[in-house]
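Chains: A, B, C and D, in written order; residue numbering restarts at 1 for each.
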Amino acid sequence: MKTVTRPVAAQAELRARFREVRSFTEALASPLSAEDQTVQTMPDVSPTKWHRAHTTWFFETFVLGPHVPGHRDFDPDYRFLFNSYYEAVGPRHARPQRGTLTRPGIAEIASYRRAVDEAMDALLGQGLAPELEALIELGLNHEQQHQELMLMDIKHVLATSPLAPLYVDGPFPPLSAPAEGWIEHPGGVVTIGYDGDGFSFDNECPRHEELLTPFALGARLVSNGDWLEFMADGGYDKAELWMSDGWATVQSEGWEAPEYWALDARDIDGWSVQTLTGPRPVAPDEPVVHVSWYEADAFARWAGARLPCEAEWEVVAVEREPALSGVRTAPGLDLDGLAGPGLHPLSCGEQWAGSVWQWTASSYSPYPGFHPAPGAVGEYNGKFMVNQQVLRGGACVTPAGHTRGTYRNFFYPASRWPFTGLRLAVDR
Amino acid sequence: MKTVTRPVAAQAELRARFREVRSFTEALASPLSAEDQTVQTMPDVSPTKWHRAHTTWFFETFVLGPHVPGHRDFDPDYRFLFNSYYEAVGPRHARPQRGTLTRPGIAEIASYRRAVDEAMDALLGQGLAPELEALIELGLNHEQQHQELMLMDIKHVLATSPLAPLYVDGPFPPLSAPAEGWIEHPGGVVTIGYDGDGFSFDNECPRHEELLTPFALGARLVSNGDWLEFMADGGYDKAELWMSDGWATVQSEGWEAPEYWALDARDIDGWSVQTLTGPRPVAPDEPVVHVSWYEADAFARWAGARLPCEAEWEVVAVEREPALSGVRTAPGLDLDGLAGPGLHPLSCGEQWAGSVWQWTASSYSPYPGFHPAPGAVGEYNGKFMVNQQVLRGGACVTPAGHTRGTYRNFFYPASRWPFTGLRLAVDR
Amino acid sequence: MKTVTRPVAAQAELRARFREVRSFTEALASPLSAEDQTVQTMPDVSPTKWHRAHTTWFFETFVLGPHVPGHRDFDPDYRFLFNSYYEAVGPRHARPQRGTLTRPGIAEIASYRRAVDEAMDALLGQGLAPELEALIELGLNHEQQHQELMLMDIKHVLATSPLAPLYVDGPFPPLSAPAEGWIEHPGGVVTIGYDGDGFSFDNECPRHEELLTPFALGARLVSNGDWLEFMADGGYDKAELWMSDGWATVQSEGWEAPEYWALDARDIDGWSVQTLTGPRPVAPDEPVVHVSWYEADAFARWAGARLPCEAEWEVVAVEREPALSGVRTAPGLDLDGLAGPGLHPLSCGEQWAGSVWQWTASSYSPYPGFHPAPGAVGEYNGKFMVNQQVLRGGACVTPAGHTRGTYRNFFYPASRWPFTGLRLAVDR
Amino acid sequence: MKTVTRPVAAQAELRARFREVRSFTEALASPLSAEDQTVQTMPDVSPTKWHRAHTTWFFETFVLGPHVPGHRDFDPDYRFLFNSYYEAVGPRHARPQRGTLTRPGIAEIASYRRAVDEAMDALLGQGLAPELEALIELGLNHEQQHQELMLMDIKHVLATSPLAPLYVDGPFPPLSAPAEGWIEHPGGVVTIGYDGDGFSFDNECPRHEELLTPFALGARLVSNGDWLEFMADGGYDKAELWMSDGWATVQSEGWEAPEYWALDARDIDGWSVQTLTGPRPVAPDEPVVHVSWYEADAFARWAGARLPCEAEWEVVAVEREPALSGVRTAPGLDLDGLAGPGLHPLSCGEQWAGSVWQWTASSYSPYPGFHPAPGAVGEYNGKFMVNQQVLRGGACVTPAGHTRGTYRNFFYPASRWPFTGLRLAVDR
C-alpha cells in the first residue's frame, strides 16, 4: 500500500465509493444460488460466499478492530475462517478446504456484510486520519480485486458442471475491427511505476528508470483466429516451441486448446467456448483468452516474436491510451451491462485495457528500491515476488480503477483460469 | 435382490410404505441448509442433495423408465449425474466430483422427488407383477440404506467445520446398564443366511450350513471405557497388536483415538466426542463407535480375544434376540426422536442391533452358491466382494427393517465414518 | 512357525541342508552384475543384494545373536538396514528406499554371508535343542521363499529395462499336453491344514474341519490360449465381469493383457511375452501367468465358473497328487536347469504344483484356533491376514519343499509380478 | 553456444584438452563402486554411470554421427537411453527412471567412453571447420558441467545412506579469514554479458547495457556463523521473512537448517554437516552452502538486506577479481586435491568464485536480443528460462573455466543439493 499524505478523495466521496463498491460485490453474487456460492472446483478457486466474507473480514480486521474503540467482532470465529493468507493475523482455515465449509451460509454472510457496512458507514461519517483513509481505500481496491476473482472463480465452477449453466443471460456486444500492425519505440531510458496522488499498490512503486533497446509492440491483441492458426500448425505438438516446464505441463494436463474451449464431436462447426453467458462458437476476431503464460510464450515463439517486458508495455500503453495514466477513468464493470461488454473480451482498437490481461516476459519481482508497507497489509503483494509472471492491462471483468497503466497483476505461468491473453513484441 | 414370488405386502401397504420411506428422507434433510447439502468433505462422502436425487434416480431408472409406457425422464441429464456405480446404465459423474455440482439445487431436487413420487404413486395404484413389486421394495431398501449414509455423511460434513455445528438439538437418552459376561456356543454345523418370505438382499442368500468350533461371544459391545483402557495401555503405539496394513494406516493417518474424538488442551476433563447433536464428553458406558476394522482387530488382540466371524455372530444373535429373525421388526429411526435414541449408540442389554455396526473377522465374499440378480441391479452387492470386511447388527442410525439377523453390511477395513464398533469373541 | 518337539532331520542332515540352501541363493545371484543387484523398480521389488543380506540377517538376528554366547554382529548397522518388517526387532530402513542403498556392496554382502555361514556351521556341529533346530529350519524356509522373490524381482528389474536383457540363456522344455475336463468332489466335511512331523509355517495350522458343498475343479490350469479368447471377447472392456475395485484398477493401470505381455506393432505374430530367458511368442498351451486376482476372478466369471476356495483346492490336490502330502518331495529349482523347467510354467498333467501359483476365492485369514508363534518370528505370517488373497500350489520358481498341499501363499489382489495363474471351479 | 569464427585453441590444444576433460570425468568416478554409480536418490539426481554415458552420447550424437562419414553408433539403444532432454533428437528414457537401469553396467560404459574417445581423437587429428571445433568445445563445457553435477549427485547418494559413507578421504584445507565490510558501487549504465573470443554459453549473450541504482555488495559470502544466528533468532519460524512459496516449502519439507546439516541428539557439540569427506562439525567461518533461494532470500530480509541482481554481481565481481574476466583462468578441480580445496567451500578473501554458487535476485530470463543456437544444441539453455533463479560465481566443485564473470547458472528456488550460498546486497 502506498502511504499517501492526502486522502484519495474528499471524505463524502470515500463514503459514497465505499457504498458503491460494497453493493457491487453483492450485485455480482445475486445471480448465484446458495449452492453455487458454496463449492470450490479446484484449489485456486474460492467459493463466492468466501469472497463476500473475506472482503468484509478485511475491513473488520484492519479498520474496525484497530480503529473503532469498543468494536466487537461480529463472530470471533471469522477471524480464523476468512483470513486468506495474512500470517501476521494468525492461523487460518486451509485454502483447499474452503469448499467444505457450509456455515456460515449466505444469509449469515449477508448479515455480516450489513453489520460491517453499518459500522464502516458510521466511521466514514467522522473525520479520519489520512492513513486510515488510505487503508480504507486499500480495502476497497482489495474488494474490487476480489470482484474480478469472483467472476473468474464462478466461471470455473459453472463450466465444471456437466450442465454448463450460465451466469447471466444477454446479447453479445457488437464487435468492431481491432487495430493492425506494429507500434514502434526507439528504446532508451524510460520511466515507469506509480508516482501520482491517487491510489496504487505498493508493488507499483517506486517510479524508476529502465533502459530499453528499440522494439515494437503489436497494435492489437492476439486473436482467436491467430490461435486457431497456431493450433492448425501443430503448436501444441511441437516441443521446440515450448519452455521445458511448459512442455511438461502440456503433456501432463493434455492441453490442446485454451481453457474452456471444447470440440464437440457432433458439432460440425468446430470449436466452441464456454462463457459466463453460456457456450458459443469461437469468434476469430475476438482476443484469445484463458491461455497460460506457457502457451502465450510458445505462441510468440511460433509467430517469430516474443512477449513484451513490462517496461515496454507500460511506456507504450500510457502513451497510446491516455486514460491509463489517470486514476479510475477506465470504464468499470456495470451490472446492468454484465451480459454486454463486461463479460466478454472486446475486440476494438488497440485493446490496452478492458479486454484481457496481457502476459509479459517479466517475472514478478520488486522494483529497485521497493519496500512493502509495514504491518500485516505489507503481506499484500511483496511475498508473492517469485515464480510468477507479470500481466498488464486489465480484462473485461476488471473493475474500474484497476486498469492503471502502472498496475502489475501476477499469476503462475500455468494459470489459465484468469482472463489472460497476450500481445506480441519484437526487437528492432 | 431376492426374487420373491409373492409381494412383500399387500399393494396398499406397499404404497403406504413408499410414501413413508420417501418422506422420511426429506425429513432427514430438512434440518440442513442448501449449503450443508452441497459439499463433499472426502471422496467417501456424498452431498445430502445427491443422496436425495440418487435414490429418486433409482426409481426413475429401474421402475418408471422400463415399466411405465410413455414415461419421460424428468431431466435427461440426471441419468448421468445421479448414477452411483451402475456400469450397465452407462457413464456417470465421477464420485469425487459430486461436491462440485451446484446444479440442480435443492429446490429442483425437491421438484424431482415430487414428480417421481407422483408417478410412482400412480403406478402403485395399479395391479403390479410380483417382480415389479419386488423391484420397488428393493428401491425402498436402497433408499433406507441411503438414509443411514446421509446421516454418516452429514456427520462428517458438520464435524469437518471448525465451527462444529450440530445437526439437531435434543437431550440424550437415559442409559441403562449393558449386559456383562460371555455367551457360550458349542459350535457344530449351523445354518445361516436368508430364506424367508420377506425382503432380503441377494448377498444374504442362499441359506446354507457352516461348521463352527466352540466359542463364546461377549454379552455386550466394547465400550468407550474399554477403549480408554486400550489407549491408556498404549494400544495405538504397540505395533505387535496390529495387522501390518493397519499399523501403516495408524502411522500415515496419525490415529490415536476413534474418529470424532478430540482432546482439547484446555479441557481438563479429557476426551470429548463430536456427535450429531454437538460435542460432549466421552461416556464410558456407551459402546465405542467410529473405529475402523484395523482398530477393532487390534483391540481384540490386546484384550486376548478376537473378532467373531459372521456365522458365529448370526447364530447367536438370532437366538438371543428373536426380533432379528423377522422382517422390519426392529425399531426404526424416528425423526421426532432423532435427538433421542436415534442418533446415539444405545448401551442397554446385549446390544445386538440398533446401537453400532459390529465388525467381524469375515472378509466380505459370496456365500456358497451365491448368484447376483440379473441385470443392472445385479451390481448392487456382488461386485464389492473383495477387500472389505463384513459388519453385522445395525446402528442407531439404521432404519427399520435393516436390522435383520442375516443382514450383511460391508466396509473397507480403514473406514471410520460409518457407525462402527465391535463385540469380542473367544475360542472355547 | 510350528513348534516341533523333534528335529526336522538328524543334525548332519540339517547342516548339509543349510549349506545347500545358502549356496543355492548365491547361485541364483551369480548371473547378475553388481548393478543388477542394486536397483528397485517398484516398491514391491527388493534389490537382489538386499535379499542376500536380509536372509543372512535372519540367522544372525534370531539364531546367532540370542544363541551363540559372545557372538558379535558382523556390522551393527545391518540390524537396521536388513530388517524387513519385524517391528519387535526395532526400527528399519524404509522399504521403498532399498533401491537407494549402495553400501554395503555385493562384495561386502558376500563376506557377510560367508561370516554368518561359518558361525552357523560351527553351531550346527554342536548338539542343538529341538527349538533351535526348528528356528534354523524356519530360517531356511524363509530363505527359500526369498529365492523365489529374488527371481520374481529380478524378472521385473530386467523387464523394466528398455534393453530387456535376459537372466540366463537356454532352451525351452518340451511341452506335453495337459489334462482336460473336471475333477468332481461330493463336498461334505473335509479336513485341511498341516499336522505332520515336518516343517510347516504357523499359518497352515491347526488342522481343522471345513464343510463343503459339491463342486468340481478344472483338471488343468487356465492356459494362454484360454486367456487370448478372453481378451478377444473383450474381457478387459466389460465392466460386468469385474469386481468394482478390479475394474478401477484396470482403468487406472491400463491393463489389457497379463503383465510382461507386449504387442509389438511390427510383430505380425501378435503377442510376445518377456521371460527370464528373454522375449518369446505367447505359447497357447502353457498356463497363463502374471495375472492379478482381479483378472483371475473376472476370467472365471467370463467362463461361467468361479475360483476355488482354498479348502476345495487342498482336499482335491492332496488326493490327486500324493507328493503334495509329504515334505520337500516336489522337485526343486536346480541351477543347472534354470533355463529348463525351472523358469517357465509347465504344461503337463494336472499342474497342481511346480507351474504357477493358483489364486483362490479365499481371503487370507487365520484358521480357527490359529495362534502365531511367540516372539519376533510370530510376525512372520499373522500380521498380513487382511486385504490379501490366498494362492495355492507353487510355481516353477518355487524351491523344493514349498509345494506342500497345505502351503498358503498370499498376495494383494492387484499383484501381478508373482508367478500367478488360476484353475477354475464350479458348483455341482 | 556462441558461434565463434576462430577455433577456441589451436587444434593440438583442443585435442589435449579433450583428453584432459574426458579423463577427469573418469577420475571423478573412480572412487565409486558399481553400486554407487547406479542409484538415483531423487528425481533431480542422476546416476554417476548415466553422467558418464550421457556426456559421451553428446559427442557421438552431435559430433561423430553428423560429421564422421561412416560412423556407426556404439549401440543404437544408447540414443534413447542417454538423451537427457533434447526433444529434437527423439524420445528418451524418462528421467525419474534412470535409477532403474542396470544395463549397460559400468564396464560397458567404460568401453563406450573409450570407443568414442578413440573416434574423437582421430577426428581431432584432422583439420576441422571452426563450427565443428566450437561444437566440440561446447561438448567439453557440457561435460565439465556434468562433472560438477556428478559431485552434487553423488553427495546426495552417499548422504542418503544411513551409513553416510565418504567419497574420498583427506584433510581439510587451512582457512584464512575472509574479507569484511561492503563494496560500494555508484550505479548508472553498466555493460554485462559475454563478448570475448573464448567459449561462452549462448545465455551469456549478447553483451548489453543495464541501468543500476547505487548499491553495495557484501565483501564476503554469508557464513555458517551468520546462518546459526539466523536460526537462533527463529529465522525458520518467522513467516514474515519468507516468500509465500518459500514458507509453504519450509512447512512441507520441515526445513530447519541447510541441507546436510544434522543435529545429533547425543552430540553436545551441536550441528554437524555431511560432506564429501564425511561428517564434521559446522565451521562458523566457512561460507554457508546447500541453502535454497527461498532460504537465501529470507536470510537477506532478516539481515535487513537483499540479494544482488545479476548485473550488480557481475559488474562488481569482474572489477574486483580480474581473473573472472578471462577464460579458464580460475583454478580447477584437481583430483589429487579433491580432499583439499576442491570439495569444501573456501573462506578466504572476497570469495567471488571457487567457493559456492551465489543466489541472485534475478529470475533466469533471456538477455535483450538473445537468440538460442540453431538445431538441437539450441535446447541447451533457452528452454529453461522460466521459474528458475540465476546464480553467479562458481563453487569449489566447479571445473576450471566455468567461473567466468559472465557465467549464468540457474536452479529452481527450492533446490538445495547444488553447492549454493549467498552474498548480501543493499541499496545506497
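The definition used in the following text is that a contact is a pair of C-beta atoms (placed from the backbone, for glycine too) under 8 Å apart; a residue touches a chain by one contact, two chains touch by 3 or more.
This structure is a prediction, so every number in the text was calculated from the model and none was measured.
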Label-sorted list of chains bordering both chain B and chain C is none
In terms of CA centroids, furthest away from chain D sits chain B
Distance in whole angstrom between the CA centres of chain A and chain B is 47
If you average the CA atoms of chain A and of chain C, how far apart do the two points sit, in angstrom?
60
Residues in chain D with touches to at least two other chains are numbered none
Indicate which of the five shapes (line, ring, star, complete, other) describes how the chains touch one another.
ring
Would you tell me which residues of chain C are touching chain D in their complex?
33-41, 49, 77, 80-81, 93, 97, 99-106, 157-158, 160-163, 165
Enumerate the contact residues on chain D facing chain A in the complex.
85, 87-88, 189, 208-213, 239-240, 242-247, 293-294, 297, 361-363, 365-366, 368-369, 379, 383-387, 389, 413, 427
